[in-house]
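See the structures that follow.
The same chain A turns up in both complexes below, where it pairs with chain B and then with chain C.
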Partner chain A sequence: MIDYIEGNAILVLIYALVALSLNFQLGMAGLLNYGQIAFFLVGAYAAAIVVQHTDPGWMELLGIPAGAALGALMTLPVRRLSQDYWWLVTLGVAEILRLFLESEEGIANGPSGVVGIEPLASQGTYLWILAGIVLLSAIASERIRRAPYGRALRVLREDEAMASALGRDVFSLRLRVMMLGGAMAAGAGMLYAHYFSFVSPDQFTSGETFLIFLMILLGGQGNTLGVLIGVVLVQTTSEATRFVAQWVDLGSDRIGNVRLFVYGLVLVLVILWRPQGLLPERKRRYRDRRAASSTAPSAPNGEGALVAAQEA
Partner chain B sequence: MRLVIENVSKRFAGVHALREVSLTAGDGRVVGIIGPNGSGKSTLFNVISGFLRADDGTVRLEDAAITSRAPHKIARAGLVRTFQVPHVAKRLTVMDNLMFGAPGHRNERVWSALLGRRRADRFEQEATVEAFDVAETVGLAPKADEYAGNLSGGQLKLLSLGMAMMARPQVLLLDEPTAGVNPSLIGRLIDPVFERRPVGQTIVLIEHNMDLITSHCDEVYVLDAGRVIAHGTPDDVRRDERVVQAYLGYEGAKT
Partner chain C sequence: MTHIIVDTLVFGSLLAIVALGVNLVYGLLQFANFAHVEFVTVGAFLAYELTRTGMPLVLAGVGSALLTALLAAGLHLGLFRWLEHEGANSKMIASVGVAIMIRAAIPLLFGGDSHDIGGDPSVLFSLGDTEVTSLEVTILATTLVMMAALHLALTRTRLGTAVRATAQNRALATTRGINAERVILLVWMIAGAFAAVAGVLVAMQNQVRPSMGLSLMIPVFAAATVGGLGSAYGAVAGGFLIAFVQNVALALDFGGFQLPTDYKDLVALVVLVTVLMIKPTGLARSATA
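Take a look at the complex of A and B:
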């Protein structure tokens, strides 16, 4: 039982990484990336291919820059198109990549996939390592949210023309957020491959991207804690339906369909009734320190008087 | 910094929106552009700021040719424009918007967000102080933490002007800043721009309000059907026969 709970916690943490990586694009920059799973796939296959060819183990780390490169590549075709085409291109890239690996037997055994990817640590230790990585990622995404970069991404989401009229290179900002999201999701894919020890194309369908979307939209776009809550909610309910399947006499494939139906319904209801998600994006409040600097010129810390821009 | 426009033309599917327009603005002067609706004023701004490509002619900023360059490059070269319909980020606060107006693109990097950079932090601190000042100047201080989407139409105009003030460009293009505003409030809208105007800033102003043109502009260009039909001081232009004809129509002018 402990094993089972640990295993689920590990999956929650891996999904959390992917959701946080998509949140930069979807929640902050407003980019509808329906192909996020492709980055995850790149990372997982980097691990799988290295196992196959018994190259030195660290080589699989190349999956992370490969994820970033794929992010950059996805940005190119939409360079001159509006944001509305983003989902089409990203979905297309993800599906092409998956189908390519499925039909090309030479790279990673095609549809049968790769087995025997070795775990990096015992399950208990791995859980703590992952928890640490997720914590660091959450801190990183909070820092980005509060930084000028995060603000620029959110402005981009609202009004591109204004951003470029004020000297912002819209393409470069998007390129960098795609590379960031790509690298992070590829890292998550690697960690996933080492946990699951088996990688095959059908683990990376667009349905997975849909689940991550649901996590973010339910939890709250642009809110780090909200996204994490969304991940826990969706992943645990998804797991819980297995028990439901045992109680009611339904086949497991049919339960899977019912689950998808319910998730779709939840998604529609969230968009209709609570578009901002359970935890809405937090307002950044700036602290006005002007009075302090003018009325207290003899303050012990002269520079400190100018410190501003703090979260309320 | 001088903005020099030479023989700029722009066609839309056979319609000549601009025909060989030449215009010079610089040396900290305030240059007005007037003309009937559809005379090409906004098209001219779009061409200057890189939002539309010129079919012909050149736009120079000091010695640099900026003709049809990307809008963000033109902005970084020192020319910032506002839009007739205010463009603001609605799901961000008034302060966020003002802060974004500051020319901080160099600080908007993933690495400085993650690791912190002293120069970026200092820029941010100084911009915060300035943003609060600007918020006060345009009268939005009580709304500093309000989402821009909750502002009224007039307040949106004030905010977009405030963002342009934060950018402190050497050449500022204002596209009908007072359109649709109650005449008694026009001063409240336009005065802050001049109050916080950096030394040497050149302003190009599209306007319909002749009183505003007369009181603020050093010189005026008049556009009609995509052509410059008159240029001079506001008083010269007012008396110009062609200008009266363009505004009132040829029949009306004869009688």
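Take a look at the complex of A and C:
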């Protein structure tokens, strides 16, 4: 039982890392990255390929810069262009990367995947290591959010023209946030491979990306604590449905689809009824120090850009 | 050589009638409906269920197009109408939620198996190095009639003019007495019906499968975007362009290396990025987005 709980906690923590990495892009910068799982895949396969080809173990750390490089690569086509189709590029890259590993058997056994990736520590220790990493990442992500860079990202999210007008290089902002998120998700993928010890292409479908979208939107885009809460909620309900499946005897296929349907429904309902998520992003309000506080307008919801612009 | 042309025309016209729906909806609501390709799957399964009641395939196709049109209208009334004033990101993510729901609901309602829908092709005539089947002629004829009908409807009827006016400037159209809400509903229904017909045609080529919409996702959205989001004519051009480059790339022999068919999505993506690098608005000049 303890084993089981520990195992789940480890998965929650790994998902938390991925969710935090996507939150930089989706929550802070408003980038619709539908291919986040690709970075996770890069990290996990870095570990797998090292096992497969018995390279020195440290080589797998190259997965992290590889994740950052992939992030940069995905950003290049948006240089001149609107976001309207960028999501398609990210989704496509993720799918093609998965397809590539599935059909090129020489790299990592194709569809059957790689087994025997060594654990880095015993399960109990690993849990604490991961908890530490997630805590550090959460603190770092809070700090980035409050730093001038994080504020510039929020301006970009609210109004791209405003960000340019304020002298921010929009392309560089996006490039850096994709590299940051890419490296982080690749790191998470590596930690995942060492926990699960088995890696195969069908663990990295775009369905996984949308699961992380659900976690972020449910918890609250742009709110670090909210994102973590979203991860815990989605991952525990996902586990809980396994027990429900045993009670109601529906067959794992059907339960899987019911669960998927409910996830889709929750995603839709969150956007309809509580688009800011359970824990909304906190917006700092500034008052003009010279004017009397009574005349200072409090920013209504629609004026996020203005508030963010003042912050930047 | 001629087989490339035939394959391009067949696949291109299928992509075109699905991508048309994406762009019509985009033109009015400024977001790409991620769930659109799921209408293809829904249409195919509904048609299959109708044929099982003994209905002839043509009637089943029409029936399924009507039902899918109603589903699309319901989606607008139940969801997207309420997101009108949200940003494009919210609508996009909501449409992802809808796509997930449909994808999960199809195996729950219809089972996860593949089925034959009938309409077995026979060879009609040979053309150069290929043989043209009755199915290919059916697909081309159906899709061309649909595209021509849509073109005439958009340019020659009052309702079509209203659709174009609303896409161009909704506020202005409303002041001229156009019921924008009704126009939007109509466009959703056309989009759903076209995708459903494409679903039936694709099912006749292969089979009715739960994953058929998903496998069209990248080429369809690439076609819609390459053509110019929001442009109906662009969607048709984009569909044929993607189909053409895919067929050529797969037929080419790169010095002993042939591109595996698994990578046809990669070809679509490369076309997308290349075209948009050169011409960010897409092929259609009139792209307003």
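Assume the second predicted complex is superposed on the first by the 284 of 312 C-alpha atoms of A that agree within 3 Å, B and C clash if a C-alpha of one lies under 4 Å from a C-alpha of the other, contacts with A are read in each partner's own complex, and residues count from 1 in each chain.
The rule is short, and it goes like this: contacts are C-beta pairs under 8 Å (C-beta built on N, C-alpha and C of every residue); 3 or more make two chains touch, one makes a residue touch a chain.
Not measured: the values here are computed from a predicted model.
> A:176 contacts which: chain B (first), chain C (second), both, neither?
first
> Let me test your reading of the model: by the given contact rule, A:150 touches which partner, first (chain B), second (chain C), both or neither?
First partner only, chain B.
> Let me test your reading of the model: by the given contact rule, A:91 touches which partner, first (chain B), second (chain C), both or neither?
After superposition on chain A, A:91 lies in contact with chain C alone.
> Touching A:43, do we find chain B (first), chain C (second), both, or neither?
Touch status of A:43: no partner.
> Taking the superposition as given, does A:226 touch the first partner, chain B, the second, chain C, both, or neither?
Neither partner.
> Check the residue A:35 against both partner chains and state whether it touches chain B (first), chain C (second), both, or neither.
A:35: touches no partner chain.
> Touch check for A:161: first (chain B), second (chain C), both, or neither?
A:161 contacts chain B only, not chain C.
> After overlaying the two complexes on chain A, where does the chain B footprint on chain A coincide with the chain C footprint?
Touching chain B in the first complex and chain C in the second, no residue of chain A appears in both lists.
> Okay, in this complex, where on chain C does chain A touch?
32, 79, 82-83, 86, 88-90, 92-94, 96-105, 107-108, 112, 217-218, 221-222, 225, 229, 260, 262-263, 265-266, 268-269, 272-273, 276-277, 280, 289
> What residues on chain B touch chain A, complex-wise?
Interface residues on chain B, with respect to chain A: 49, 51, 70-72, 75-76, 80-83, 87-93, 95-97, 99-101, 103-105, 107-110, 112-114, 120, 124-126, 128-129, 131-133, 144-145, 147, 160, 163, 167.
> Per the contact definition, I'd like the list of chain A residues that touch chain C in the complex.
Per the touch definition, chain A meets chain C at residues 30, 32, 34, 77, 80-85, 87-89, 91-93, 95-96, 99, 102-103, 207, 210, 213, 217, 253-254, 257-261, 263-268, 271-272, 275.
> Across the complex, what residues on chain A touch chain B?
Result: residues 140, 143-144, 147-152, 154-155, 157-159, 161-170, 173, 176, 180, 281, 283-290, 293, 306-309 of chain A touch chain B.
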